[in-house]
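As structure tokens, here come the structures.
Presented sequentially are two complexes of chain A, the first with chain B as partner and the second with chain C.
Here is the complex of A and B:
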């Protein structure tokens, strides 16, 4: 029912008790009236339409009613312990946040931000209104680009085989073997250093165009594959009009680095997930993660 | 070779998300970033991060991981060059020991590996 105020049939919106038949999944915060309802396809397949919940004159939350049978604490813990379920939940969250961002700037909330009803959601979110206002201002008209720099590993990563075919027991064979090993290690360290320098050049080039940047921890070889070692996993907040400039600059930086088996990978635009944390973070850290009791 | 996986052809219009959205990229964003609000349904982010570690994804922040007593990155060659060096040193040491053992064994029983013997 587009255009109508948010209605939730069968449930009193302000019901604060914990045994309600549905929960409220909050995806993001955006400007009030950014849209009425996202097209079907957004949100969790088990839930209702993705709508807006008004927070104050200026801000709304992007919310969806989801059945408790699938989103209670116990059920969710089990579901998210399953890699397939975790992936589909994460992708749904991301897809919905991204769909909302087509209507204006959004501040994404972490996966599984769930409340027992609109009143609870409004109370919790309104306590952080200044943060939301600041974050929306920070990301307005900007997008996030992810840039990764990796070193392609040549076939020497595994230890060379022991010289089992060496006849007799000459110590010389062992020393020659050690010398070969040391030589390869030196070569590997040199390649690594060159690649680190290339990553630094890529970062400088991107930073020159970006408003802000964040360095994330590089992905492990389990994700990237044994054939590449990720050295940089960065995100840049870029004015929307500058994406082409960024592409050009990174292409140049990547081409300069290509000789050293260095790979520059760019993806985007992302909703600016990495740039919505409160700037005065230390005071907020106790509220993060572990202390959500 | 340089790989740029986005198309600069995309105009000023907002393109919804990158075309290549790998799970690790999504997880590190939806789990670890942004303004965290305490929810009524307590899915501890730390739990989820531990799950992703089970999935072998490096998504948790250093800060949260430390709180959980996880410090593998300090010894993971992928995450610090210092660790990479110490990994090399360790590999070197192991190889030396292996070579020494091989040489010792070869001296004792004249060749060790008997498969190729006449």
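Here is the complex of A and C:
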């Protein structure tokens, strides 16, 4: 029951999977014994307490029994197709991962990682044990900060309207039109280059304080709005003690960039979602990084 | 949020930020788009959920829209 403290410290490694009417939602992997049970506010409201499932001597998974009636593949697909349900599921997942991270480093798993019972979960997770060990070491004592850089678009970015009464016969009007178009295009390109340079300065400033960084794919204008073009959507892995330094540096960089209509948005600290994937070969270039979905 | 406004906003934890403080787009970006993908029996094929597919398309600029990377030092990592 949620709210009632369990006397057993998490789940034992040989606890059988008994309840066929439930599924196991896995939030994250953390150190064994990091906690016994999260407070009742954690986890999905329909499920049981959030506990640990022992994987090996050192690692456990942060898990919750959830009823199949709400979390079967079919039902969950329908639920996640609803914007409200998707948001609430995502926030629950995030809240729980973040709560677990208060007890030590965690490796978050993607939303809706569900298994038919503990045995199946343990088998799947144990196949990746070396990776989880490495990932926990990588993020220990560190947190993720998100930095987005956007260029505010102005009216000059839109193409000038074509001359209404010059259907091609009036060469003078056509040339004037083209000149205007080229002028605006030059201006647009210059603004863009200036903004990209500002984003690069922000990136360099943040990188100097970060242990690692990842370039995620920028958000599209559908999200940012037509009046803003996102140039950079980066995540930085930062030692916990350097967060204030990072904030100071980014504030300065943001103030410098503001004159060029460039906006710097910072959020954090995040649980290090962006730094738990296996470190790839050197071909993990910015072109590829962040494009994995 | 903006540099021109109040400057850096530090979101200081789940209690402070969970309801409105965490921009949903950044959250979805992270909980859907990152992490160790574990293959399991009941792992939802999340990209097949229509809304999520739509969200991911909306979230992320398409390759053709992408702007040149703003760094010149060979990039991160």
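In this text, the second predicted complex is superposed on the first by the 245 of 293 C-alpha atoms of A that agree within 3 Å, B and C clash if a C-alpha of one lies under 4 Å from a C-alpha of the other, contacts with A are read in each partner's own complex, and residues count from 1 in each chain.
We take it that a residue touches a chain if its C-beta (ideal position, glycine included) is under 8 Å from a C-beta of that chain, and two chains touch if they have at least 3 such contacts.
Worth saying up front: this structure is predicted, and the values here are computed from it rather than measured.
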item	value
Chain C versus chain B on the shared chain A, clash or fit after superposition	clash
Partner chain in contact with A:91 - chain B first, chain C second, else both or neither	both
First (chain B), second (chain C), both or neither touched by A:232	second
Which of chain B and chain C A:200 touches, first, second, both or neither	second
Contacts of A:30 with chain B and chain C, given as first, second, both or neither	neither
Partner chain(s) touched by A:212 [first = chain B, second = chain C, both, neither]	second
Contacts of A:188 with chain B and chain C, given as first, second, both or neither	first
Touching partner for A:120 - first (chain B), second (chain C), both, neither	both
Touching partner for A:178 - first (chain B), second (chain C), both, neither	first
Chain B versus chain C as contact partner of A:143, first or second or both or neither	first
Set intersection of chain A contacts, chain C complex versus chain B complex	23, 26, 73, 76-77, 80-81, 83, 86-87, 90-91, 93-95, 98-99, 107-116, 120, 124-125, 128, 131-132, 135, 146, 192, 196, 216-223, 229-230, 243, 247-248, 250-251, 254-255, 257-258, 263-270, 273-274, 276-278, 284-285, 287, 289, 292-293
Contact footprint of chain B on chain A as seen in their complex	18, 23, 26, 71-73, 76-77, 80-81, 83, 86-87, 90-91, 93-95, 97-99, 101-102, 107-116, 120, 124-125, 128, 131-132, 135, 143, 146, 159, 162-169, 171, 174, 177-178, 181-182, 185, 188-189, 192-193, 196, 216-223, 229-230, 240-241, 243-244, 247-248, 250-251, 254-255, 257-258, 263-271, 273-274, 276-278, 284-285, 287-290, 292-293
Chain A - residues contacting chain C, complex	23, 26, 73, 76-77, 80-83, 86-87, 90-91, 93-95, 98-99, 107-116, 120-121, 124-125, 128, 131-132, 135, 146, 149, 192, 196-200, 203-204, 207, 212-223, 229-234, 243, 247-248, 250-251, 253-255, 257-258, 262-270, 273-274, 276-279, 284-287, 289, 291-293
Contact set on chain B toward chain A in their complex	1-6, 8, 10, 12, 14-18, 20-49, 51-52, 54-58, 61-64, 67-68, 73, 76-79, 81, 84-85, 88, 91-92, 95-96, 98-100, 102-103, 105-107, 110-113, 116
Of chain C, residues touching chain A in the complex	1-4, 7-14, 18-19, 22-44, 46-52, 55-63, 65-73, 75-77
